[in-house]
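Common to both upcoming complexes is chain A, partnered first by chain B, then by chain C.
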Partner chain A sequence: MTEKELIETIKKIVKPYVQREEGFKEFSKETEFIKDLEINSANLVDVILDVEDEFDIEIDNDSMEGMRSVGDAIEIVKKK
Partner chain B sequence: MINPEEIIAQLPYTKPFLFVDEIESVNEEEITGNYHFPKDSYFYKGHFKDSPVTPGVILTECAAQIGVVCLGIFLGADEEQNAVEEKVQIALTSTAMDFYIPVFPGERVYVRAKKMYFRFNKLKCEVKMYNEEEKLICKGEIAGMMNLKL
Partner chain C sequence: MIGNDVVDLSLAKKQSNWQRPRFIEKIFTKQEQTEINSAKDPDFLVWLFWSMKESAYKAHQRIENFSPRFNPWQLECSLQEVSAEKIIGKVNLGASSFYTSSTYADNCIFTSAASEKNLQIFHQKVANKSLKEELLKSISEKEQILLKELHIIKNENQIPQLYQLENLLDIPFSISHHGDKSAFVLLNKKTAYLKINGF
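Showing the complex of A and B:
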């Protein structure tokens, strides 16, 4: 999967949990889930579970804590 | 392993907002418990005028206290090998409930909850509540974040 495809896939996963639409319009690698999209901590868990399902990987607690931005998520997916 | 009495002792609620009398059984996957709604509970005075019925939000709260908070305390204690020394902190994060029959003052309700997942401190459960005749009162999904630093 190319990086562009990865970003699109994550965008699709994140969409139902977004509170701040302005942040979503400018969705990029730099977008932060909590700061820019105002996703709450409970829904961030859902984002992670959906990423696990989509890419068939398991994300541990340490990786989860480092997953602030779309770019962080892409790095985690690439590493697995 | 933490026992049912210890779980109830860990609950961060008290009267008039404690809706757990007894945990009947608990394991890694599911929990069952019950609560008797005393006839003189404060909310019957206002819900409804002259015809007391247990509010749906209170039934949801009861299902959440037994099905999510009590199970969460059990799972949390299990992870830390029976050392829940810290005060339990929990935040309700989502509910989706359907209601079928009313609960009148003085009834006892029975909650059965199944863990859907417990990951990254988020516990999501499928809950069902029955009356003494084993008729379904309500069911749905409830989730909370455990040990949140508020």
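Showing the complex of A and C:
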């Protein structure tokens, strides 16, 4: 998957949890889940589980701790 | 230092399915999972533990000013005293402990956490649309500061901080909202008081 495709896939995953549409309009690698999209922290778990399901990977707790932005999520997926 | 959290149980039910496979393993310790699984009302305990973790996280972040992280499984909750009025709990994180107090009203859980025991925390429930306004009004009255000089700015780590004109004020507070329910907690350094207003 190219980086562009990865960003698009993550964008599809987070869409149902977004509380701030302005942030979603400017969706990029730099977008932060809580700060820019105002995803509530319980839904951050859903994002993580959806990423795991989509890419068939397991995200360990240490990686989860640092998953703040779309770019962080992409790095985690690439490493697996 | 203090932190707080609000969970609207009916909204939480709509927004999150904690029974989804692997969900609780990502958030709760083994011990907490055992307690949730054997609870009479697992739904309530999930969101009670969650609000305790969130409140303690906020107090912790305000002490250390670290950039936002997601580490709920590191915060270990235990319940100390459960009554109809409130639930007293403790959250351990490494060598630190946070002391929590939760109330249940209007199908919502309101929790506050403090880094020291017996801190006199002012906890007020307000409608979300007037949250900041009510907080500033409260601070203005208690600290005798002109309301129009007070404002809140988030710092580099997204922690809201209080300013009087250009000056950063050392008044610990925390705000939380969930849907249209919200609350703030406040530590007043000049006078100690405890008051919980009805929603």
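Just so it is clear, the second predicted complex is superposed on the first by the 80 of 80 C-alpha atoms of A that agree within 3 Å, B and C clash if a C-alpha of one lies under 4 Å from a C-alpha of the other, contacts with A are read in each partner's own complex, and residues count from 1 in each chain.
The criterion applied here is as follows: contacts are C-beta pairs under 8 Å (C-beta built on N, C-alpha and C of every residue); 3 or more make two chains touch, one makes a residue touch a chain.
Quick caveat, the model's predicted, so the values are computed rather than measured.
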item	value
Clash or fit, chain B versus chain C on superposed chain A	clash
Between chain B and chain C, more extensive residue contact with chain A	C
Touched partner set for A:Lys35, first chain B, second chain C, both or neither	second
First (chain B), second (chain C), both or neither touched by A:Leu49	both
A:Gly66 touches, of chain B and chain C: first, second, both or neither?	second
Chain B and chain C footprints on chain A, overlapping residues	40-43, 45-46, 48-49, 61, 64
Partner chain A, residues of chain B touching it in the complex	91, 93-94, 117, 119-122, 143-145, 148
Contact footprint of chain A on chain C as seen in their complex	12, 15-16, 18, 20-23, 26-27, 50, 54, 67-73, 158, 178
In the complex, chain A residues that touch chain C	34-35, 40-46, 48-49, 52, 61, 64-68
Footprint of chain B on chain A - complex, ascending	40-43, 45-46, 48-49, 61, 64
